[in-house]
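In structure tokens below, several structures.
Look for chain A in each of the two complexes below; its partner is chain B in the first and chain C in the second.
This part shows the complex of A and B:
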């Protein structure tokens, strides 16, 4: 039954016109001369003759048959519509699809973006809120754009009386990949529901030759390729962060932090040779470990610099390092203040097991007459927390990038709307 | 797919990072000196650190 046609001849040029929309067709446009006619008037009344000199070739030719949502539809009409936004004219194609059992559907095409549009039988509910929105089938559609759409070119059959120059006020609401559109005239408001369809799927539906035109830009209801990924990546990040937390917890819980040397010392500048060596101590275990050398001082508005060498008694080599410890405090117009710390520590990685001693040479302000008393403590197997923070930062990079890409996509989408910042 | 790759690579980062912390890969290693004289134990002042006697300027607010 689908595809049966009746016919008539154009009153202006005499060309044969097929009627595919049966009795539903209110207007038919001659594909040869563009004359708009009423097929139900016995005299084939001319509604508008060759109103436009321009010729627009539909991407999907009139008469093409396709399978949409499992049913066969014929492309029976085509119109080119335009809107003007901030002095610039934008145009898009609309196709009328017809199946005698399932009625009409429409296809819209803009810069390679396609929407399959179905007229709504139920009215969407206008949602309250600062930004205009509509609610339909449990979904909230945000207002995207309102404009006056003019019909600039028509071809084929239409289930309404169409004229070039027809103007309706349109309002689009989006919830990608869906869109609600309201078309208002003085007489009525009609609502339709659009679903974004990839151009390749359109080509498959209508068995079109070649490949679909490449989509340019981002369309109002185009689904974001990043939308679902953002949540998935952050959930993945949460899992990895928890794993990291467990690993860190295990490391800190099992690290021995065993003191392998401790000694109390005092230093007063100008009282002889400041350097000394400690008693030997052993770094135990069977693997290299992190060793911490810590100084707990009684510094008071003073500094001390400790030149230290960790000397191996086994190999005769030394690891040479220094540590400044300074602590100042006072009171000024801002109140009490402190600076620095009385404690300082150095961590040395990968110290092999064996016997060691420290050579320590403290320095301080030569004018200082106060003795610096300090406790020197050496521990082995001391964990460090900040590498875990670095790892956490690295883990956050992919989800942050995905979030930024998703945000960028949405920014570009809404740049085309009435709500562009 | 991307998320799976992220999870696998993420676990690799956690594993290698934790191993790196355990082995001290993230810490800078002090300068290593060879053949330190044994006499240093008897006369510590006869040997100077690489960093000894450099100008120090520390001070409070």
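This part shows the complex of A and C:
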């Protein structure tokens, strides 16, 4: 009984045809003349001269032995299938794999992308939701593409009757790296489950010579190299941001904010030279520190601009800066209002320890005749929050980049689908 | 194991039933289909040669389903437009009966549901319809009109000389499986699930040249 159907002669050209699919084979294609025939039924014979002329060479030759999921499978059949999307024809290769105990599996190949396809015995359910999706084995597969797939070219053996130009309606659903495909004919719907396989693994499985060609573009169920990384990067960011917050809290809690100079002044516009210099004061410590120069004024519906220079008595160098302080108030239909503040302060980062004085030149509205009284206070070791914000921003760069790249990968993936934005 | 024996009514070769409840067997010598009524054995026909077949299962194959050991005692072969399949009769350790269907090496184990209640008619059970049997919810996926091709070994009922039979197959999201067999009226309901080859721990399977 065993091995009795191992071959036949082509009923068109007489060439010897090997049979690898045992009695499961319902269609076999003569490798010499391309005639499609049923090995069990001599009356079924389809001349496919046009197909024979196409001569597509399978990447994995028919007859190749491979190891798939730990079991030996032989490549026994090959078909080239095409779909039309918006007037363009796309084609892919499909291989029939056979093991007499474990049955049939299929491989699909498109531009260097491979999927190992197993017929599904379970029946996936349509998942509820805004987008079309299927549910299987606890996973949600999003609808990717529906099309009419035509068999354009066949080689080798098939466990079903391949007819000329067979067309089936296909619908693909993806949950990378997996895919569900429904193939609908008038009689039935069959589901299969695909798993994305790297070309290099295909080369290993089938002991192919050379190396797998690089995959081009992004395939429907190709796993994103960024998937999982986004979460990892943001978790890292969160940890670092918390550390930063603790460091910042310690800094603000322990800063001395020690006053090193204070003086009370009065300024009346239009009376002589407004600029003056303060008494010298010392910035202490051994490291550069942040110095705050604060003005507490009695401004009332007026403004003052303080031109200030922090002059080092050691080097003679001056750091110029300015600060406008303005304060307005009044009453209108909405009630009392105020704008601005009577107080203003400037923080100067990284002031070296040493002796300093300030040169101050206040300005105000030339029409104003009121004197501006103000208290000038200089403090050292004043904490500032902005360096922390800058560090936080820098820390956010890697996760933001990864998130953007992940999003762009998904955009490219879905551009090929029926749901391209 | 008791093995009621007798003689083939056609050729007088000894007939041995491995299974006391078997109603039908095939004479190993002359290929007569022998049915048993009480103690009488009657030859009702000759098995036409079964088509060459590539199932790894064969009569005598042993295995386990959900822990219960079984032996394959008989077979019904069907064929339809696009292929064929086998229903292998399983005799479990507790003497109960089951079926292992093998369609191009896709395997399912099912059992006859004795009192299924009202079953859908052949016209009602169209593709896409949903039915619940016990706690199992299934959807009709295929309707196959199959030709009975032949039998072999011991079967729990008389099954021979059938013509075309309608089978309505149903599946569930959890790979459960049901078949309505319209060879009888009312139809027979078989309920079970799909199984992987390794899950059955089969012994005594057929060997294929080169495999």
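Just so we're on the same page, the second predicted complex is superposed on the first by the 346 of 421 C-alpha atoms of A that agree within 3 Å, B and C clash if a C-alpha of one lies under 4 Å from a C-alpha of the other, contacts with A are read in each partner's own complex, and residues count from 1 in each chain.
As a convention for this text, a residue touches a chain if its C-beta (ideal position, glycine included) is under 8 Å from a C-beta of that chain, and two chains touch if they have at least 3 such contacts.
Because the structure is a prediction, the values reported are computed rather than measured.
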Which of chain B and chain C A:234 touches, first, second, both or neither: neither
First, second, both or neither for A:288, with chain B first and chain C second: first
Touched partner set for A:265, first chain B, second chain C, both or neither: neither
Which partner reaches more residues of chain A (counting touched residues only), chain B or chain C: B
First, second, both or neither for A:101, with chain B first and chain C second: second
Partner chain(s) touched by A:92 [first = chain B, second = chain C, both, neither]: neither
Partner chain in contact with A:359 - chain B first, chain C second, else both or neither: first
Touching partner for A:121 - first (chain B), second (chain C), both, neither: second
Chain A-facing residues of chain B, complex: 2-3, 6-7, 10-11, 13-14, 17-18, 20-36, 38, 40-41, 44-45, 47-52, 56, 58-61
Of all residues in chain A, those that touch chain C in their complex: 1-6, 21-24, 26, 40, 72, 99-104, 119, 121-125, 135-136, 159-161, 187-189
In the complex, chain A residues that touch chain B: 229, 232-233, 236-237, 239-240, 243-244, 247-248, 251, 273, 275-277, 288-290, 301, 303, 305, 307-311, 316-322, 324, 326, 328-330, 332, 337, 339-340, 346-350, 357, 359, 361, 363, 365, 383-384, 386-388, 390-391, 394-395, 398-399
Chain C residues touching chain A - in the complex, by the definition given at the top: 51-54, 56, 81-83, 104-106, 108, 127, 138-139, 141-143, 171-175, 177, 194, 197, 205-211
